[in-house]
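To start, I am sharing the structure in question, which I have written as structure tokens.
For clarity, chains are labelled A, B, C, D and E in written order, and residue numbers in each chain start from 1.
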């Protein structure tokens, strides 16, 4: 039995005006376990807290009930007061007699009665409280960034600049990501490569950053502060230490028919290749699917030509195991498949392209060397139609229900660039809404219309029909004129919806990070914790969390870095002691609890138990208190009651129920 | 011709669509082969229902110009199905005239030599449920 | 006022710490009243509510039990209320099946911003329980005197 | 010897119930058990064996012992009132009456259980002879004569008439109080019925079960027998056998918090349960084999050792009928004798 | 049956299995008991007939702890239970050699006796090999008969089908004995008024003697220590007749097995008071199927039970107001 002290606060007249505080003290003093009860004007004041300290000392209290305002207001205050007085902070319970009593009830008898009942419930609970101590876990001062696009690079740079080691894992042969494919950026129209490549170089050169390209995360275990990750370094068949990046191998390679991933398959590449000229590292990889040597055993030209002797056909995949304190997911996006959008004739005509493909067409390093031309016949287009919201804001299963956010702006950019460079080309944009929130965004769009004469049509395109003459007949509606428009275009550009990278679901599973139905990772709080995953130690950077443009991505990447740095700066983590705990004598090892745990905090171990003389090895649930956030989902999933939540135990809650219902 | 249930509600009920889902993209009108024949355009059907102005929709030319090709239904990104809405409006007229559907025996005598095959097909499509 | 013999139901409200308890606090600070018959038990999440707690409340004489949590999708622990939703649906269906009046149990999603909804919900729930009268089908007779 | 037509039994029950509580077999939702008589009760005298034995009329499944309340900061203890009015149990079978004799040995010997003693002192038992014994019956093995229930009043149901014969003073008094409904008759029909039923008993498959080797003196030998390790295996550790048994008398004492005080009550317990005789240090029988062995050793060895050779089994056969794993005392006894044969 | 014994002997003799879990011949025609056989000779007492209703899958929890494999005989419906136990890591697949035994519906002696048959001495027609539709029953009170169908367990009338969901080999033919609507009784209760429902369950549950047979036989109730026996939860209960605790016990028990119960019907088979306990479990199964989509517990090992799963589109608990009693 505890020795409980009850402290009833007047809160000036906030409580005392509607609750007979003296009466509460009198009634509660007679409760079993209560050895001290008093009231005071303001319990949260220094003098009030002092009263608690004195009572703890004089009455040898082991538990404290404060009848006051909401625990959300002052629970922490009174816990600290208890700790200073020498008792465990978790031996404190609050009876909320202000927000839940005095402020909502007018009748004093009724309010007093309710205050007594709430106090009784708190007393009943404290009777079953046990001292709890926050756990500690160590922090490995190294971060992992998954994805080497602008989001990943920026996060890594910011973390590294703060003085912590960072590893970047990038799936493709080079870092750079989508931004490296983009020609110009809105709303300033500066060259994407010009602002990205210095960052890539900086990352590669940074002494705190290690880059694993052509690599994938294979396995993740552990928890916040102490993750262990296996990284698979895929065989490049080129020794990075020897390669000078001269490019001779690529020139000689006879296998030249593979569609270039970097150029969105608008042209081809060789079997041994670097995705683009500024690739980092500037070390080619061999695509074994395309390589004649790997397919037939004959060839070996690249090896012969390589003066550095870097080509090594015997290279094997390598697994690197590394420990991290925090993990940032920055896996980015891709455009959706247009296979279900037959009406836009994307698969029928090479002159119907996506906006990302247009970026490559417009880029000097792209398949047309930056000349705007039709991919079917190389002719310069005279009439270009842009179609917005292709697959975005779509409630059927062909597209995505969300707005892809970046399309309005890049379409304005494309339209403007074309009109600027080729004033004789007519540009028509079919739109549903033009969305331009952002600094200088709407001004940018208006310039496209006002200064560059881009023809914006409010309406959607119903179908694109390739004509025998090579033209594309675009049938759309102009809702403002209430007309149907038929337009012969030379080129159609689709603002295709973006979606998270296909691999993200696999990664989310490995990280036990929650993911929504659209495959975006869920943030811990939509407003207040937008760069953290609900899973402790996992952070989100870039489009993996939701559609974003470059400036937003960069700022979020920085924010994620700050969160990581904040975590790595700690030597030890204090963990919330109100975590779940399994009673090993009751546990069945059935996995029900692990199935409902949102944090992957529960694992199973074969444990030797001594059950009243019976010794046997049993599969027992083990809760990792560093991961557990204390929601209690597991406690209800557990049929035997083995799983219980410290601080909100089954017996504690039942005792509150009993106290209220008596 | 309004008794009991409000007509807009009837249209919603018969068509099984929710016009409020419309985001006014106009893809229905963009895709409609009978657009030029219509006085009220497919994308407008929705607002007539939303604004409870079914009476006018029922009186419109469009009611009988729609081919029920269902291109708008196929292409609508918001699952609003203007084709079903106009079909529902037609239903109101048919029901008002006392019938619900034609019976199979009635069809032959109604057949016109010059009636295009396409209309027959679309009629079947329209009335199959 | 204090002398009346009208039926005073016992009502237990389980509120999740992050949304509904905060919603109740907001109802308090906004002075939005609801009957004193409602007594709130704070739980970390609606998924912490074991059906056993609810039956225990009825056993010991409660006339109504209401569970409040974050709106689906807004759970502080991301998925807790989804589990709570299934569990409570099943439990309520079973209680209905054995002949307990449906109105005695309820789940309501109340966010931290919905002080008004909290108060309205409680007013409505208490009114419904008053209409239903005393809980005679679930209590333990030993607790009745 | 008296008799009463079956169709007049309702009046008889009503008459008894006017002055006394009456317990008799009542059918509820397809099952017949002893319950308090009410005008609406579906009385069922045809079912040979009620699911539970009627022992709970004298030793209820759960009964309150006392209640504690707090009054003005002082603890107030109110003992439960003892039964002080006569009541009648109608329709007990000979085996179940023998079961009461076993319970008497436990509860009426020093220290006397006052709750049980009060019920025994006030209870008037009207026995009903068996008419069609069933294959699971083996009362004969324990010397029970199912045609001659050793009650305060013995009755026989023969061709739609209940024959009534008082055997004790209590029985005489009860007979006196209902005499208006009875008519006097001779015993010849009863004698014929008895010999006919006895002939059937001889034919029952278990009637010749041998108890050889089971007595109070074989404790160590039987306790250590390896056979238990085999026999217990199908046992599910449920309490069906103990709860339907007319002689099982173990109980647990528990507290119930009513919110206004605490009720201390006792309820039947089963030696098959893992928490049976649980103590602070744990349980002294921690395997199901031990718990299983306990039940049969108690019935066939420990009890006779302490009660002049009396077994605490009366052969009612309820465990034979009801065990979910088809285990029972007969199989145990047979297993030991088969082993002896080898 | 002979084929089964021969095969079991063979597997025991060649060391594939260390023991056989089956049924041993009883001392009455209708009471074979679950048994472990460790020697070839002991298998002479092996029996498999219409009275072998007991679901042996739960015994595999203990058998999984023993050295060597256990040959276990599972009927089609038992195989669901085994799968469920496997899903919950309660049995070890590597420790089991599963013979899927044929089943043509199992008999319930209580049902046979309810037809007025007393003093049973011998029963003909219960053997698996028989195509008999009628049981010839020899009693002390003369020759009686009962149709096989009338003597069948309730669960066999709503048979889940003759397919074994997990096995190493199959011996014997099975028959789908389903001739009743599985949820008919649940629907009948659902259609009652709240007062009628309450009276129905009150009458049924008032018979409960808390013997725990339902719980202890249940393959889903495989907890090492039940919450109702545990001192940790403040929920321990024992034999409190006519109190709320019976209702609480049965509701919570049904809730704990909801989504895990394979509807094997053992609870109703063993209840000494004949309480139709399956009506609780089947209600949950019906609700789960209707609200969350068809789910068959134990049909597939490793599948995720509905109550440890969710979708963001799940129905709100208020759906009970629309579906439940009016």
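Keep in mind that, in the parts below, a contact is a pair of C-beta atoms (placed from the backbone, for glycine too) under 8 Å apart; a residue touches a chain by one contact, two chains touch by 3 or more.
None of the values given here were measured: they were computed from a predicted structure.
Asks: If you apply the touch rule, which chains end up adjacent to both chain D and chain E?
Replies: In this structure, the chains that contact chain E and also chain D are A, C.
Asks: Check A-C against A-D and say which one is joined by more contacting C-beta pairs.
Replies: Result: the pair with more contacts is A-C.
Asks: Report the chain whose CA-based centre is farthest from the CA-based centre of chain B.
Replies: Farthest from chain B by mean C-alpha position: D.
Asks: Rounded to the nearest whole Å, what is the centre-to-centre distance of chain B and chain C, using the mean of the C-alpha atoms as each centre?
Replies: 48
Asks: Using mean C-alpha positions as chain centres, tell me how far chain C is from chain E in Å, no decimals.
Replies: Centre separation, chain C to chain E: 37 Å.
Asks: With chain centres taken as the means of their Cα atoms, state the distance from chain B to chain D in Å.
Replies: About 79 Å separates the centre of chain B from that of chain D.
Asks: Which chain D residues reach two or more other chains?
Replies: Those would be 256, 258-260.
Asks: Going by the touch rule set out above, which residues of chain E reach two or more other chains?
Replies: In chain E, residues 225, 227, 233, 235, 243, 307-309, 312 touch at least two other chains, as defined above.
Asks: Which residue numbers or ranges of chain A touch two or more of the other chains?
Replies: Counting only residues that touch two or more other chains, chain A contributes 596, 637, 650, 654, 658, 661-662.
Asks: Can you name every chain pair that touches?
Replies: Pairs satisfying the touch definition: A-B, A-C, A-D, A-E, C-D, C-E, D-E.
Asks: Which chain D residues qualify as touching chain A in the complex?
Replies: Touch list, chain D to chain A: 73, 257-260, 282-283, 286-287.
Asks: Across the complex, what residues on chain A touch chain E?
Replies: Within the complex, chain A touches chain E at residues 517, 583, 585-592, 595-596, 604, 611, 616, 619, 637, 639-641, 644, 650-651, 654-655.
Asks: Looking at the complex, which residues from chain D come into contact with chain E?
Replies: Residues 28-31, 33, 48, 51-52, 60-62, 132-136, 200, 203-205, 233-234, 236-240, 242-244, 252, 254, 256, 265, 267-270, 273-275, 320, 322, 324-327, 330-331, 334.
Asks: Inside the complex, what are the residues of chain C that reach chain A?
Replies: Going through chain C, the ones touching chain A are 1-2, 10, 12, 17, 21-22, 24-25, 27-29, 31-34, 36, 39-45, 47-53, 56-57, 60-62, 76-80, 83, 87, 119, 143.
Asks: Applying the document's contact rule, which stretches of chain E touch chain A when the two form their complex?
Replies: Residues 65, 87-90, 221-227, 230, 232-235, 256-257, 304-305, 307-309, 312 of chain E touch chain A in their complex.
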